[in-house]
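In what comes next, chain A is part of two complexes: it sits with chain B in the first one and with chain C in the second one.
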Partner chain A sequence: MKRSISKGMAAGLGVALAVTMAACGKTEPNNNSSGGSGDVDCSVYSQYGDLKGKSISIYTTFVDAEGATYEESFKGFEQCTGADIKYEGSKSLTTDVLGRIEAGAVADIVAFPQPGLLQQAVATGKVLEAPAAVAKNVDTYWTTSWRDYGSVDGKLYASPLGASVKSLVWYSPQAFKDAGYAVPETWDDLLVLTDQITKDGDVKPWCVGIADGDATGWVATDWVEDMVLRSAGPAAYAQWVNHESPFNDPKIVESLEEMSKIVRNDAYVNAGIGNIQSIAATPWTDGGTPLLDGQCFLHRQASFYGGNYAQESATVAEDGDVWAFYLPSADPSIKPILGAGDFVAAFADRPEVVAFQTFLSSPDWANAKAKVTEGGWTTANNGLDKANLRSAVDQLAFELLSDPSAEFRFDGSDLMPAQVGSDAFWKQMTAYFAENKSEQAVADAIEAAWPKS
Partner chain B sequence: MGSWDSLLLHPTTVGGKLLLMVIAIAVFALVMAVVLALADRLGRFPGWVTALVFLFPVLGLVCFGLIYPALVTIKNSFFDATSDKFVGFANFATVLTGSEFLITLRNTLAWVLLVPLLATGIGLVYAVLVDRARVERFAKTLIFMPMAISMVGASLIWKFVYNDRVGILSRCYVTVAGWFGNEDAQAPHWLMNAPWNTFFLMVIMIWIQAGFAMTVLSASIKAIPDDIVEAGRLDGLTGVKMFRYVTVPMIRPSLVVVMTTVAMTALKAFDIVRTMQGGHFHASVVANDFYTWSFNNHDAGIGGALAVLLFVIVVPVIAYNVNQLKKAEDIR
Partner chain C sequence: MTVATVPAPPAGTGKNPAPRSGRAARARRNLTSPWASVVALGIGLIWSVPTLGLFVTSFRARKDISQTGWWDALKPQNWGQFSLNNYQTVLSGGGTSDLSDYFINSVVMTLPAVVIPIFLALLAAYAFAWIPFRGSNILFVGLFALQVVPIQVAMVPLLRSYVDMGLNASFWVLWLSHAMFGLPLATFLLHNFMKDIPRSLVEAARVDGAGHVTIFFKVIAPLMVPAVASFAIFQFLWVWNDLLVALAFGGNTPDLAPITARLADMAGSLGDRWHVLSAGAFVAMIVPVAVFLALQRYFVRGLLAGSVKG
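== the complex of A and B ==
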């Protein structure tokens, strides 16, 4: 009895296996693309060749509606070349991409949200150097500093994708007009204006929110970076980011103290929300909301915050409900701009992957992406036609990015080692607000967290 | 790495992936067939050989899925961030001396001690109080319901409770302060001020686990033989004394099991801590720091050291649990 059962089971397994195999053979999808051009002008895509039946996978951090605009921007490429782009977006890219690379289970192309992470990926030895066509595009359409962010030890690995400008202060043009305020041209003007607002009415001028789950604190690190650029200067900023000077250098502590003049002054913050401590508890997505009902006058936040205002059905325009001005520096002849961006690197060198990578580094993609994005996206690709950007603030950000007199500097926390840039720096800045921790103590604690080797 | 094995092991096309799946299923079927065939042949051999053959797949998976990763983690804890260089006990030194790590350890200890005690205590008192009451079923359902909610879901609910502007706790605080004449009192930021914020996080787990404790303990209370209760009553025991001298000793094995189970859950308080505040405000626990260092900071050394530390903390709890279970069996 026992014997026959086990024999039966073994036979059964065999049958099941055969059935599964047969089923697999049938369900395999055929990758025939339509090949039809539709309303897309295929002439720009002819250079990428015929990629019928080929598929390319890309892995990014963009999901939901934002992710959909990326997929949309690849449509023309897919239709005209016949290639099939497999898009995967995940918010946990920063935590799982290195593991995937080690396991050899990574997509053909990965969009790294930070140069620091790209460097760690390159250290695994699995990232391929950018092909010649991509390097040529990067040289043609980006400044050398952008090329450097995508390079490790002088070798170009990744081409820049999107970009954002962080040195912006959001305000309500109407409220400014009613009160007779002018957009400040220098840092001192900004302090005077801040003081003026408190004297004129029963409101605090600045609203800030830095909470973002486990990423709480990044908004404050942007503040610090903007302050270091303005108070210590772009040269000191570069030394600080590369750890050629310590994090608790007196210049950095001074910059923090300059920042405290606004964000740790109970008379200035937290407009429409609460006390200084409330900054650490307010989600960054709500930080600028009090601006809309006149409870707050100034909100320092990146260009992509325009998307949040648009969601609250506010008009983002120079004559609309909200608009942004450049966060001025002490000396108006120096115009440092803090920004960030993402970078695409490849893990395969099949011809179709190279073609797609080349497309992503070209103005063709930048323009396609601009056309399908409602707002909250821009690039430092100077081949982009500004008119294609559909949101006014994205156009403003693009202007700043391509302003030759501006000194662009990349978000320092994205360049620092992860233990600092996305852990200690965030946590200490959160403590700066939550515990009123002194500027010196904050800087000392972050310096102590810097990896020794 | 040759190209053939990367094609086979890391397929990029749908066809390749399906082929890999088919091969995996075939290998599994083959192993099972061999195991079954062997077991069949070995029918004449002593029982332990048969047992071994049947255990082989499970042991294999435990070795591959549990023991091997555990060994790698222990190895990593003695190496640097990228697991290239041996650093001895340096990672453990960092973890056991850093001021922020010590706070993490303190918090973890508080979780392991307070959560089981409070959850079991509340569950026990509740079980005794509603035992044989008219609304017993309804009352039990009420406290059991949070068990059905995931840790992350519960955290999101409590996030609203603790919200300093619209949260019910904050509103209550402001109202009560108003009664005492403080008209413009502001609710404190419950989750921001250490060390009390850890306690507010624990409340969430106690809220969930008290229902579990109540259910198990209620069943044990009902299993106490009536003659023992009767004997106690004849000896003049009532109320609190009955609880102290009859109920608690009779359900002691269940109490220990509930406490150790909740303690182990508390050690894994990762979900609550991460969802509520992501390890900020000095309220982190070892499990959360382990995640941050392994996957955010990409430091396999410190991450490994934290995992090993967590393992070392949990071992005595498990040992005690197993020991108590054995004792309970001996009594029977």
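== the complex of A and C ==
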């Protein structure tokens, strides 16, 4: 350190070392496969042809263990066709992807987590229309509403990938059994049950948590959407999401008031955590935890929350520690389901990309993915064999998604403009809990934030 | 951090020449008084509490973290809560790659990203300070004004240029980007330090027949070590802790992504493994802390040298 010569040499060495390592990193093939799958049946992959030496890049929002299951699900395709799938997962996809499209540095295939983002991407003119084989798969295996979410102006651009169901209420089957409660069939039953729980014991029934860093509030928007679907109905929901009726429409305000009966009732919330205000400060990942030690009875959260319970080493099953029931509607003959999903669109039409895109829209992929995923994933692809889903709640979600009497509706905040769907709506719902803001004031403020055009 | 460390050197280094003016003496007296030390120590302690909390949390199980505060674990009857499970999870990696891959990526990304801007900035600073040419002042102000351009604005155009040049998805984009974003500050800092070197020193060398190259290497460079070290720490910490540039330009692949990207992903797509984050943070912190401790005497000297001289 004393002499500049040695320092210079050290720096030089550092650069040399760095350059060699970079070179190594680039040339080394990326095949540290976890758990080889030598017994792949290649016959299902023969239709995709020989893609030896070809590489396809895919960009998704799934990282870590979840991302690994995606890579794992591509293994069979890679082995049998000889193609190399370059997987990239990043949680910042929603903010990065438009810039990358603009710069021409986007992957061959991108899995968009929101139809709204897909529309923005299509508006750049760089997204290619879905090839015929993909369109055929989408028509065969998905309902028309799913096809619509992947389409812009009637043209199909993206095939659905995974899905999640949000209209679920988590509960403890054991606690229900001990207290003699039955799973409610209608919204009124649910209110009666809620009241019953408070009368029977010195506990509050519902636990809720909506905090999630800079995305705080999304859990509450799911609540609102579920309530609008139940109180105002699926038709009014569609108008509301597309802004054909204003956000502060009386029907929406009524739905909010219906929701307040539970989540803004001091006798009902926030079980095992605190008062109503605590809802805004409780991380959504902790919201359902009080259920495990009997401090809370009901927790409305999506199917993927099962992963959280699994992390707490609880068994998620009908006869296990926690289980979920469908959030009932006022009229049991209407069965609206709130959910979300991702959509894959392509930016290249090389034959190998088309083949891979076709594979992703096929039941072959859905089944391969189900087999390697421990839990927290499902799809609306009705070619999936339910038995391949390894977690019970994923099977439940899949049943709901493929129930012909159910009306699937996409998460509204994902369809609204970003200024509302991932800003005003979140913030106002946080104020709804934190500042006890009135339903009308919340709806008015969100309506005011809707972009004028 | 600086608040706590700045008062220390005058007390610690006895080599400082005796202060001449009354003001300096007063400042020295004030800074070395026991009260000032107590206050500095107090601030330092308060400053460290969150880090201590994070450290304790990193050893606790998920259930304990969500139910009680970290101070609860300090009670002797709760010492059983401490476990290395989180660290085990972090080090074993969760996805398809080891943590070490990302660690190496970080090193490979950081070293050139520190060396390149320092090398260029030293040359530029020398030119601005010791080679008179027309418009040098305007050029210098213009260069420093670039400091105000937010990175976010430059991203898409820069990425497009990289794609055009065929550099996309290689370490070059990271090295070049960090070098570009670091250059204005580097040039400014090194220039201010360099122009304070006594003119007589440079002129004496020139009289002895030294050209610019000799002066730069034989006279200026050895005197610049503290300034270079302090900027190197700045740049090192910035690049090592960077996530934005790495994700936007490099992408989140095991070939390129640094350890910060891995850290951001560690909690899982839906955040259901948030409890390993504190442990991950400490693992990622080891290198920057080591670098800071190793170079901190330069850091303090370099910062002071630029500002309170003369």
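Throughout what follows, the second predicted complex is superposed on the first by the 416 of 453 C-alpha atoms of A that agree within 3 Å, B and C clash if a C-alpha of one lies under 4 Å from a C-alpha of the other, contacts with A are read in each partner's own complex, and residues count from 1 in each chain.
We take it that a residue touches a chain if its C-beta (ideal position, glycine included) is under 8 Å from a C-beta of that chain, and two chains touch if they have at least 3 such contacts.
Being a predicted model, the structure only gives us computed values, none of them experimental.
Q: Examine A:192 and indicate which partner it touches, taking first as chain B and second as chain C; both and neither are also allowed.
A: Neither partner.
Q: Mind working out whether A:182 is in touch with chain B, chain C, both or neither, as first, second, both or neither?
A: neither
Q: Touching A:88, do we find chain B (first), chain C (second), both, or neither?
A: The second partner, chain C, only.
Q: Between chain B and chain C, whom does A:451 touch in the aligned arrangement: first, second, both, or neither?
A: first
Q: Per the contact definition in the header, classify A:281: touching chain B only (first), chain C only (second), both, or neither.
A: first
Q: Taking the superposition on A as described, I'd like to know which of chain B and chain C A:423 touches: first, second, both or neither.
A: Only chain B; A:423 stays clear of chain C.
Q: Name the contact category of A:330: first (chain B only), second (chain C only), both, or neither.
A: neither
Q: By the touch definition at the top of the document, which applies to A:96: first (chain B), second (chain C), both, or neither?
A: In the superposed model, A:96 contacts both chain B and chain C.
Q: Taking the superposition on A as described, I'd like to know which of chain B and chain C A:132 touches: first, second, both or neither.
A: After superposition on chain A, A:132 lies in contact with neither partner.
Q: Which residues form the common part of the chain A surface touched by chain B and by chain C?
A: On chain A, the residues that contact chain B in one structure and chain C in the other are 7, 14, 17, 21, 96, 99, 103-105.
Q: Please give the residue numbers of chain B that touch chain A in the complex, ascending.
A: 1, 6, 9-10, 12-15, 18, 21-22, 25-26, 29, 32-33, 36-37, 39-40, 43, 80-82, 100, 164-165, 186, 189, 191-193, 274-275, 277-281, 292, 295-299
Q: Can you tell me which positions in chain A touch chain B when the two form their complex?
A: Against chain B, the touching part of chain A is residues 2-3, 6-7, 9-10, 13-14, 16-17, 20-21, 24, 27-29, 31, 55, 57, 94-96, 98-99, 103-105, 108, 120, 123, 213-217, 274-275, 277-278, 280-281, 348, 417-419, 422-423, 426-427, 430-431, 434, 451, 453.
Q: Can you list the chain C residues touching chain A in their complex?
A: Per the touch definition, chain C meets chain A at residues 62-63, 66, 94-97, 104-105, 107-108, 111-112, 115, 155-157, 159-160, 162-163, 168-171, 221-222, 225, 247-248, 251-256, 261, 264-275.
Q: Okay, in this complex, where on chain A does chain C touch?
A: Those in contact with chain C are residues 4, 7, 11, 14-15, 17-19, 21-22, 25-26, 30, 32-34, 61-68, 71, 86-92, 96, 99-100, 102-105, 212, 283, 285-286, 289, 304, 307-308, 311-312, 376.
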